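These are the structures in question, set out in turn.
Okay, so subunit A shows up in both of these, paired with subunit B first and subunit C after.
For the complex of A and B:
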């Protein structure tokens, strides 16, 4: 096979790629030395607070900021939305104040007087008919393939009908959204922003400021983000507070820090759209899927929010789906790890699991029987993963037909689900710099969300140079560096690993050219291996990396690596299978996860350790939204009832059970190149856990999260209780 | 606002008045927040003998943090967490929920873990405060920190300093923890990225390594 010069090394030739390597910024984080946006201090720093609207739908009648302005210590008060503006969700930003400290900013905020005229609102969307009666619905797509009507009428099919739902949840980043803005001179702005999009932010902030008549060139804006305390899709865009901080800083002539309060973080800084569906699905008696019909709806606030892909992954020959969007007066949706997939997955895998139960089939066998309905690329992957996951979960031993018949009120159940995601590497540019003293720097305007981006960059360059990981200095997190894409949609690892590989291969080529004369061979006869530049096939002829670099004299090598680019370094499209093993207390309605098993493919893995962490983390995040998380809206007040962390619940260390992660690697996987991993493993937990609960108690709990009240209500209607 | 006149140094065995950790112990994390909120209010409202009235304006407060003395002039309502982060630029302790639910602000007061967001700075006078910056010198790591790195018990890392502090204090009281002890003892710290699996293993490793050894500088 002809190789391409940038190709990843073959399995036998990899020193670092695919091994378990510690994240390189681990010590900074574990010791508390890592500085986040929230930790940024500047001389004369002011603290800003936002006054938000308490009503879900209202018109501003009047605003009086003078009592705030006159408070000593207050340095700037900015009206964000003025009298006459129509507000569409509780928590929307009305006024911002900047003061010498947080307490004074808080006092000033309380003094501002805003009069509203309340308007009719709708904040709950599960009841589609009610939303329709309120004129709050809009068609969001419909499609028919084959002849579903005829297929459902076939007397030889078994049909299952059900209702399934997954509510709005929030991102709940532990570091709230926000930033520090400082004008270093009249025309130059520097921001420290909690962002997933370091390279893209100056353009967004510049455009926002110009809309507010603040004149600034994008080229005069620098955004820095060395560490970010969570994003999960919600920190790709700067949003009003990015602009507001810069405006306040301009007004006050001082740097301003504006971080959202926890309640605002949960109300307005990100929502994952809900999805509810009435579904009919049919299969032949042998389990082969024949037809699908779904009528679904959901909300992502008053604006559009996309729709879940239905049916998810497995496409029966006859399908019909129709989706309706509900405009609800809640904080706007933002991309939440694998946008629309967890919803599509829960609705589909729940409905298929109910059908398998009706057919009295083992759901793993049922999925095996139907994997041929998945995209071609994935059918083999799913078969292997189903086998592997079933083996790790001891499926044959632990699974039973629906309804745990053993005595007692603790019922155990098993559920399975599968998922997919794209994850092709984004556009990326980097500089790779090799100096005559042998030091190596790689520089790009990327960001590390905690996924291990710094580490995979270091591995990609170190592997190419035959150096240890520590020999590579990784500089990211500054918009002054070569532009890199936003970290969203699992696109980062594919992008940065490929651009840095190409940049490093080119740099190595230049180094070979410089040292070839002293080793007496042409440059193409050289290779880099274990800290040496040596002649291929003649180990006696070699130089250490440092000796080799000294041959550069006064010249520094600087190359530019790009993605996309030549050779097959990355790809798109992964498959994953998960199995949940749960216990349900039929007296209290409490669900406990005993074990979660994930078999996950992501092509060629750069760092196995941080890759596994992504999957462990996704399983835990999945347990959170399956059992605990919900943005609870009150229809009377129009407000979120749980905008705090005691009632917006996340799993704790005791809620996760045993986690088993198996990464699919080796032949059939590695040669696909690098594919993103952030999104896929968070997709299946909802369906796997919901299916496991149904298997335990004999009845479907239709909507997530599977809270005790919902479990008990489902038991009341049927099941084992 | 009242503060104690004679402010005696509390011994490690004494319970600092605003410590949440003891309430958390044994309480399921998903119910802890609401219960705690009440207890704090009730606790804080208890008038103490030998109190002087201070505030609402700024008052001098002396804090002893990581072995160093800092003199501040702050309003009595300023929390210990805000005083450290905003006034002293000691930012290892994070502010997340700001109301005793998440543990991101965990620090030690006389070697006992407290939530810095729910202790007032004036309440911390006369006590020895240790933040994560005070556990290890320069670029060194304590066994707990090293175990966090080794088991990748951190992703974004925002919950990590709080977790490291909680684990450090936990291991001091439970040098030989079972998995169940860990699940209960560390239930007061929340992580959004989902690092609990790594944390469990990190705590077990640190326990093994610290047996008979030193517990960092704590």
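For the complex of A and C:
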């Protein structure tokens, strides 16, 4: 029985929560009616283009914008970085122009003359010694636990040493970053922004504008984002173009649209830091992990970029890790779905898989043996997930010791990995409105990244009111609504489900109070169920939802729901296990994913269908970065060579294979409350697929992506070829 | 893209009058799948674009046992895939067309445009020209050359010809019919492609004032054929290497064999060495492997593309075995 008034209903009392429910905005999106930032059109709209720096490292000597200014149709030209500025990556923004159409803006941008003094650059970081010789390295953390030196010298341990790596990749949002900015009067700014942070953006834009001497109050800025074509962490903060569009609009006195071109999107709008590591790991002969040592490095551009958590999840008693940051002249890093975790996971789970192979142990058994080294909260979850994933992947039937010994050039292999994430619900505020006509609206300054946020909100309120999902009108995507957190770090579902649950419970309480006299019972004797407000235990005494609401007379109920708040509605800390089943052509080095199995927990699931969709999407994204994705830089030019969707390769449907998703639910999971799911399932694919390839061909392919050249190079050094 | 003059003539003759004597000033538009993006990226900045799609008769596809296959230059990849007669007589040509992925590419892209498409070299597409020059030197040998040429790459060109159809058409003995101001001429496709020596050259013998109007393929005469591509992605992507094979057998032994590699050199690359390794022999896995080895015996890989030598070897072997088994 519920013991706290806002608690989620018990399993038997849930009509909607945890069921497979279609996303409520599916038809809008599928039909093309959904309006994205890119689709925004305003009367008199100007189109802006950015002139960016072609050099990886340079000083601006001079800028002449007059040829652009004099071009008919050009309405504003803004110097973003002036003479004397030092530019640290190719693609950095120098000048913006706004013109009556895209062609003129493009012509104008090309007429601007910028003189640069080129400075020495470094854009490739895999070779640490070279980076050191160029003075581009900086310590980024070191830690020792226990006595790893002694542990490695223990004659009873088996040691595996290896090199592992994962390159810089980009977010490659299908809808490029950008926005439309319009001053509706001298003091009031409205932006249509492709953002993961509707409520937070006005403050960021305001601060940015004030730094540029444009006087505006945050309270006079409204940001709208109804639909977004991908963010993956890269659209939490307003970037220069968010400020620039508003500046241009101010200068021109007209609304301005500034969306990044595809090349800029890939060059500057987001990079996931790389990670390379030399790793030694030791276990006792029974497989119990004893010690870890890693020397890792990576780049996230010229600035700091954090470091991968090493060793990941499983903490042997003796560990030493040291991380070095390489300052490379590439576009700056941005949070990429589960920041640092895919890197930490690939490095750790790859090294552990090699150790298991050296011990001649089944890697699933090896992980089972060591789950006690995971955070206590997760050990049982991992054990259950390892079992479930192994069952779904037919592990016992399909797994073999390292190296597929069957004849022929197609080798099959299985690989396993596990991961974790926090995902506690963010701060959230909402209004729940119930009108005398029975209509229900819930309003909050959240956003739906495509994850199903709208649907989850509707379910939370509809479940509380005993109504169908369609009865709830969800209004989000506008900063004029009650403030809500950014959608980053898997924090949205926990935040919005809890605030809307609390707001709806309070609203229902008010409705019960209004209805109770006509049903002749105290309000606490009422319940909402299947479209009725009825007396508990007496089904004959009830009103339909509409009849009940009519008792409000002229009063509209409006409550405010918040997160955090009373009662245990959400939590933090999830575990997931993934198994990859691959085939590798040892003559051509081609890797084919046959099947990916994911067993994932996220506490109480609000919508099973959109939760599963999150995992499917993560597996696809994971297959993309495992097999194809890489930001390819030319050291001579200092430029990215593949800033397009031809050479920045993403999987097509034929490259994906079968995806099997199993959400862990029921006792042991549901009572934890709601936990975020956006990040976790994208963490393991790299490690699981890399491990499966090693299992197939008998040798580790050290770095992602697992392209034919890398696979063949690994086979040349050993394995089955 | 930059502003340009646009013309859409109704006859080949009037189209010819709109062409000039220098490459790049005028571009010919067919499906536009390559040209439009190249113009947007300013890889080419023509002053005039001449659309051929209004010209009647360039979309015909015909076959006769006597003269073989005739395909108008504007036949789309999808038309070719849908043509049962072409598929029946030249199954490997359909295989090659099937390697062109993406519904838009197939429906808009034409056979003529496919044969004349510009290289995918990322230095070229990023604005460093056909010869990828920077400060008087090619960027390719010391740069990112994983997808570049392993044959015919002594410079100054290092890109690979991007056509999927050209290698099999060459193996089949195909010809290109060209219309110019002085009339028509036919050029064997194996002589149609050239390696540019100067930045302003193009990758074929077609002149800037000529139009490719038709592809002619002789009758197949019982040839066994196959195309084998090695790709990174099954989805839209150009192959890493491809091998096209046409064999004629008598009594179980190879009488004649034509093997042509694609995506390995600035031009489609016939490998007579591979054919010689097969001729007079019964095809076994070992013989096919030897032919594959012979095909790449003269390869000179760059710093990052040694793996393509092996891929070409394997592609030839697999194409031969596939042809003999009649898998195409």
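Rule of thumb we're sticking to: the second predicted complex is superposed on the first by the 719 of 721 C-alpha atoms of A that agree within 3 Å, B and C clash if a C-alpha of one lies under 4 Å from a C-alpha of the other, contacts with A are read in each partner's own complex, and residues count from 1 in each chain.
Basically, contacts are C-beta pairs under 8 Å (C-beta built on N, C-alpha and C of every residue); 3 or more make two chains touch, one makes a residue touch a chain.
Quick caveat: nothing in here was measured; it's all calculated off a predicted structure.
Q: Of the two partner chains, subunit B (first) and subunit C (second), which one does A:46 touch, if any: first, second, both, or neither?
A: neither
Q: Of the partners subunit B and subunit C, which touch A:588 in the superposed model: first, second, both, neither?
A: Second partner only, subunit C.
Q: Classify the contacts of A:692 with the two partner chains as first (subunit B alone), second (subunit C alone), both, or neither.
A: neither
Q: Of the partners subunit B and subunit C, which touch A:229 in the superposed model: first, second, both, neither?
A: Once the two structures are laid over each other on A, A:229 reaches subunit B alone.
Q: In the overlay, work out which of subunit B or subunit C sits against more residues of subunit A.
A: B
Q: For A:174, is the partner it touches subunit B (first), subunit C (second), both, or none of the two (neither)?
A: Touch status of A:174: first partner only.
Q: Touching A:632, do we find subunit B (first), subunit C (second), both, or neither?
A: A:632: touches subunit C, not subunit B.
Q: Could you tell me if A:620 is touching subunit B, subunit C, both of them or neither one (first, second, both, neither)?
A: first
Q: In the superposed arrangement, does A:35 touch subunit B (first), subunit C (second), both or neither?
A: first
Q: Is A:709 in contact with subunit B, with subunit C, with both, or with neither (first, second, both, neither)?
A: It touches subunit C, and subunit B stays clear.
Q: Hey, what residues of subunit A end up touching subunit B and subunit C alike?
A: Looking at subunit A, the two contact sets intersect at 103, 628, 644, 646-647, 649, 651-655.
Q: For subunit C, which residues are in contact with subunit A within the complex?
A: Counting only subunit C, the residues touching subunit A are 1-3, 101, 120, 122-123, 125-126, 128, 134, 139, 142-144, 146, 230-237, 240, 304-305, 307, 310-311, 314.
Q: In the complex, go through subunit A and note every residue touching subunit B.
A: 22-23, 25-36, 38-39, 41, 47, 101-103, 172-176, 227-232, 261-262, 449-451, 609-610, 612-613, 616-621, 624, 628, 644-647, 649-656, 659
Q: In their shared complex, at which residues does subunit B touch subunit A?
A: 28-30, 32-34, 36-37, 75, 77-78, 82, 85-86, 89, 91-99, 101-102, 104, 131-133, 135-136, 139, 141, 145-146, 148-150, 152-161, 164, 182-184, 186-187, 189-200
Q: Can you list the residues on subunit A that touch subunit C in the complex?
A: 103, 107, 587-590, 627-628, 632, 634-637, 639, 641-642, 644, 646-647, 649, 651-655, 707-709, 712-713
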